[in-house]
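The letters A, B, C and D name the chains in turn, as written, and every chain counts its residues from 1.
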Amino acid sequence: MGTSAVQSRTIAFIGLGIMGSPMAANLVRAGHTVVGHNRSRPPVDRLVEAGGRAADSVAAAVAEADVVITMLPADPQVTEVVLGESGVLAHARPGTLVIDMSSVSPRTAVAIAEAGRDKGVRVLDAPVSGGEAGAVEAVLSIMVGGDAADFAEAEPLFGALGTTVVHVGPHGAGQTVKAANQLIVAVNIQALAEAVVFLEKAGADLPSALEVLGGGLAGSTVLARKKDAMLNRDFKPGFRIDLHHKDMGIVTDAARATGAVLPLGALTAQLMAAARAGGDGPLDHSALLRGVERLSGRTPE
Amino acid sequence: MGTSAVQSRTIAFIGLGIMGSPMAANLVRAGHTVVGHNRSRPPVDRLVEAGGRAADSVAAAVAEADVVITMLPADPQVTEVVLGESGVLAHARPGTLVIDMSSVSPRTAVAIAEAGRDKGVRVLDAPVSGGEAGAVEAVLSIMVGGDAADFAEAEPLFGALGTTVVHVGPHGAGQTVKAANQLIVAVNIQALAEAVVFLEKAGADLPSALEVLGGGLAGSTVLARKKDAMLNRDFKPGFRIDLHHKDMGIVTDAARATGAVLPLGALTAQLMAAARAGGDGPLDHSALLRGVERLSGRTPE
Amino acid sequence: MGTSAVQSRTIAFIGLGIMGSPMAANLVRAGHTVVGHNRSRPPVDRLVEAGGRAADSVAAAVAEADVVITMLPADPQVTEVVLGESGVLAHARPGTLVIDMSSVSPRTAVAIAEAGRDKGVRVLDAPVSGGEAGAVEAVLSIMVGGDAADFAEAEPLFGALGTTVVHVGPHGAGQTVKAANQLIVAVNIQALAEAVVFLEKAGADLPSALEVLGGGLAGSTVLARKKDAMLNRDFKPGFRIDLHHKDMGIVTDAARATGAVLPLGALTAQLMAAARAGGDGPLDHSALLRGVERLSGRTPE
Amino acid sequence: MGTSAVQSRTIAFIGLGIMGSPMAANLVRAGHTVVGHNRSRPPVDRLVEAGGRAADSVAAAVAEADVVITMLPADPQVTEVVLGESGVLAHARPGTLVIDMSSVSPRTAVAIAEAGRDKGVRVLDAPVSGGEAGAVEAVLSIMVGGDAADFAEAEPLFGALGTTVVHVGPHGAGQTVKAANQLIVAVNIQALAEAVVFLEKAGADLPSALEVLGGGLAGSTVLARKKDAMLNRDFKPGFRIDLHHKDMGIVTDAARATGAVLPLGALTAQLMAAARAGGDGPLDHSALLRGVERLSGRTPE
C-alpha cells in the first residue's frame, strides 16, 4: 500500500504440488528469489525453468532463506517437514519467518508456533481457498493467523498469491477460519443437494427452480458455481470429496477441542464419509448429490 | 415483452396483511382495478385510499373479477377462503384465473388446482420470497406453478409485483420451489451459526473471518445479509423463527410425501423447533445462532 | 382382580386383519358375544366359524353392542370408520364404550374422544404392541388412554387380549405411549445396526461381540430379538419398515404438535424413509442394517 | 474348565484407580501374587494391606512379572505407561503377557500389540464394562482382542474379575467391542431421553408409560437401570458424561478410520458434547435427558 516496489526476499518454498507449483512461480514473477524443494524432482525442475532455484533437501532450501513457505497435503507431512529432525525448524536461521500455507488442524498450527518460539523463529499459519485456478491466477483467499507484525511483513508476499488477504487472529486462527470455510461449504453443498432431489422428486423444473432460488436469500456461491455440476451430473473436480473428507475431520476435531457443538457439521461429516465409502472420493464435492440420491432410492447415474 | 401497455384487469385481492397490502397497492399503481377484501376492515380502507375498491365478502370481491389473488397466512386459511362454502371457488365465474400467492404445502396447491378444474376455474400457485421490503418495492421473487398459458396471462401482473418471475412447473411446483427455498435458507443459516460459534470458541477474530469467508466458496446471500445480525446479536425480524418453523413443516411433509430423504433438512427442522421452544419464535431466523450457543454451553445474550 | 367370572359383553369388532382376527377370536374364547365386520368378507366368515357373529355394515355391528372395538390400518381408515357419516359414532347407542385399538396419531384419538363426548359415547384409545404373535397368543401389551372408570370397565376385555395392560393417561395418551414405543424401537434398531457395521468393518467377531454386548448396559430386547436377523441378513418380517415408517410420521407430527424436540427421532425417521425409498419397505425393521451398509459403501446382500 | 486349581501367577498391576484397585484385590483373593504400582502412593498401600506387594516404578513392577495388567484413564496415559521410555515394554521380560484393560482406541491397542511383537512380548486388549460395582463384585464383562492362545492363558485371571469373558477377535477387537458398547448405550439413553420428554409434553403418565415400554420391544437394560434416574431427575453417577464423551471420541475416530458411517452415533456424540458444554460432565450419562429438556424449551431442574 503506497510502496511502489515490493522488497525482494529469499523464499524457501517446500511442497510444489498442484497448489504449490503455481504459487511458487507467482512469487518468482513478483521478483523474489525462490528456492524450491519437493519430495519428487520434476516439479523442482519446472520451478527452475520458471526462474527459481533448486534445493535437494529441506535443510538446503531453508539455510539462506528469509522466509520459508510450506504447502503440503496434510498434518502428518507438515509435522514431519516442519518439526522433524531434518526439518524446517531444525535448520532455519533465528528470525526466519515460517509460513505454513497447508490446510491442517489449528492444533498443529499452534504446535508449530510454539516450537518456532523455542527456536527464535517466527511463524504464521496461512491456509488458502480458491483451488488450483485461484493459485494459478493469483486470486486466492488467504486467512492468516499469528502476530500482527509478522502478518504485516508477509503481506506483500501474500499479495503476489491472492486478492483477499486477511489477518484473522492469533496462531491457529488461519486454520480455524479455513476449517469454518470447509464446514460452511460442505453444509451448503449438502443443503443444495437435498433441495435438488426434493425438487426433482416433486416434479418441479429444476433449471428454472435453481434460477429463481439463486436470486433470493437461498443464493450462494455454492449454488452459482455447483449448479451446473448438479444439473448435468458432471462431477469432474474441482475439489475432491477425499480432500473435503480430510477437512471435515479437522473441523470435527477442532470443534471437539474447543467445545463448539456442530450438529449439522457432524452429520455432514458422516455424509461426506458415506460419499467416500460409496466410491465418490475422487469426484468433486458437489457429488454429495449422489448420496442424497442413494438415500432417496435412486441409483446415481 | 414488447407490449407498450399492460392490459388493465379487474383483480380481487384477498388477504391484505403485511405482504398483501403493498402488493395490492402496487397492482393499483400499475393501472388495474383492485377489489380488496380482508378479515379486518382497516387494511381495506387503506387500499381504498390508495385507489382500490372495497368488498365486504369474498363473494363480493370475486363476483366481477377476471383474476383473484389470495395472500393468506397458512394452509388452513387458504383452504377455507378458496375451497370453503362461501369461498373463492364457490363464487368465481368460470374462466376466472385464481392465483394463490400464499406459502402453503404443494399438496394444498394441487388440491386447489383440482377443485378449480371441476369448477372451470384456472389456478396458479405463485408464492413469493423477498419479504415485506420486497413487497413494498415490488422486487419480489415469484415462483409459479401451473399451466404455461395461464402463466403467460398472469406474467404482466406479476411484473407489477416482482423482478424475478419464473414458471417452475405444473400445479404445486411453485410451492415446491418455495419450500426448497426455505430448506436451503434454514440450513445455510444454521451452517453459518455453527461456523460463528466454532470461530468464536477457537478465538478467531469474527468480523475479519466473516469477511474472508464471504469472499470465497462459503459466500452466500445468507452470510451477506445475516452477518451483522449475528455479529451484533441483533435479531429483530426480518423473517420470524415462528414462520420458518411453519415452513419447515411444509418441507418435511412434502419430502415425506415424495420420498425425498433430507437428513440435514430434518435435523434443521428440529433445531428450528428448538429455537421456538426456547422462546425465540418472534426473533429473526438468524437467531438460530442462539440455539448453537445454548448447545455449546453459552447463555445467549 | 377378585372377580371369579368375567361379565359377558356384546362387542362389535371392526377390522379383522392380521391383528384384529386373532384378537376377536380371543374375545369369543373368553365368553363374549363378538359381532365382526370387515371390508372384505372372508375374515368375517372365519370369525363366525370361530363362534362369532357377522355384520354386513358398521351400523349393523354397532347397533346392539355394549362395546365397539376398532382395529384398522391407519388414521384415514379410523377417521372414516369412526367419525364418518355411516360410522361408529353415527350409529352407536349412547353410553356405548368405543375402544380404538389401531395405532394412529394422538390427535386423532383426541378428536374421536371429543366427538364421542358430543354423542354421549365413551371412548378409549388402546393401541397394542407385540405383533401378530402377541395377538394370537393373547400376550399383547396394551397402552390405554381415557377416563379411569372406562379403563376399569374395559380391563377384563383387555385381559383376554394381552398380559401387560396399563392405563397411561387421558385421551390420546395410549397413542402417545405407542408412538414413544415406536420411537425407542426405531432408534435402538438403528443403534444396533450402526454398531454391527462398525464391528464388522473393524474386524471384530460379530457373534461373540453381540453376545457380550447383550449381557451389559448395551443389552436390549431389540438386541435379543433382532440379533439373528442381523447376523444372518434374514429380514423376513416381523414388523415391516413400511409400517414403522408410518409410525415415525406419527411420532414426528406429535412431537411437533407438543414442542418436544427429537433430534435422533427425526434423523431416524429419515433413515426409515431411506430404507423405504431403497425398496426395503416390505422387510422387517431390522433391515435398517441395510441402510447403514449402503452408507458405508457396501452393497447389502 | 476342568482344572480344579487355578495356577498362581505373578501379576504386575499398574493403575490402581476406582476400577483398578478392586480388580487388583480380586486377583490377590484368587491366589495370585500381585505387585501394584500407581502414580500416587495411597492406593498402593491399600493393596499391600489387602495382601499385595508394592512397586515404586513401572520398571520394578514389571521386572519379575509373568503377566502385566494396565488399567489407566485414557490413550495418553496408556501410551506413556506401556510404550514410554521407562514403560512396560521397555522393562518386561520376553514372553510376558501384557493385558491392557483400559478403554482406549482400537488404534492404540494395535500399536501396543505391534510394539510388543517387536519386543517378544505378547499383548491382549481387554477393556471391561460394568463399572465400579462390577469391579468390586467381580462381575465385569470383559471383551478381549488378541491371539487365541494368549486369551486361553489369560482366561483364568479374567475369571477372577468378571463373569462374562469373551474373545471377540484379533488385536484391537476388544477395544472395538467396548467402543460399540458405548455407542449403543449412548444412543439408547438419548432415545429414552427423547421419549421421556415426548411423553411428558404430551401429558402421558410417565411412570406407567415407562412400565409398559419396558415390557415390550422398547425394553432395554438402559431403560431398566436409568428409568428411576430420569423419573427422579437424580443424576448422581454412575458413569459420568465426561467419560462417555471421551468414549464417543473413540467411537467416531475409529468409525472414521474404518469407513463405518454412523449418523446416529455422530449426532449423539454432539449431544454428549453439548451436555458437557452445558456443565453436565460430572453427572451420570442419563443426564442426556437434561439436553433434550433444554432443546424442548425447559430449564432442567
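Quick note on the criterion: a contact is a pair of C-beta atoms (placed from the backbone, for glycine too) under 8 Å apart; a residue touches a chain by one contact, two chains touch by 3 or more.
Treat the numbers as computed from the prediction; the structure is a model and nothing was measured.
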Q) Which of the two pairs, A-B or A-D, is linked by more C-beta contacts? A) A-B
Q) Measuring centre to centre with C-alpha atoms, which chain is farthest from chain C? A) A
Q: Provide the C-alpha centroid distance between chain A and chain D, rounded to the nearest whole angstrom.
A: 39
Q: Provide the C-alpha centroid distance between chain A and chain C, rounded to the nearest whole angstrom.
A: 53
Q.
I need the residues of chain C touching at least two other chains; which ones are they?
A. 255, 259, 261-263, 267, 270-271, 274, 276-277, 295-297
Q | Residue numbers on chain B that touch chain A, as the complex places them | A | 106, 129-130, 141, 143, 145, 164, 166-170, 172-173, 176-177, 179-181, 183-185, 187-188, 190-192, 194-195, 197-199, 201-205, 208-209, 211-213, 215-223, 225, 251, 254-255, 258-265, 267-268, 271, 292, 295-297
Q: Name, in rising order, each residue of chain D that touches chain B in their complex.
A: 263, 267, 270, 274, 276-279, 294-297
Q | chain D-touching residues of chain A, taken from the complex the two chains share | A | 249, 252, 255-256, 259, 261-263, 266-267, 269-271, 273-274, 276-277
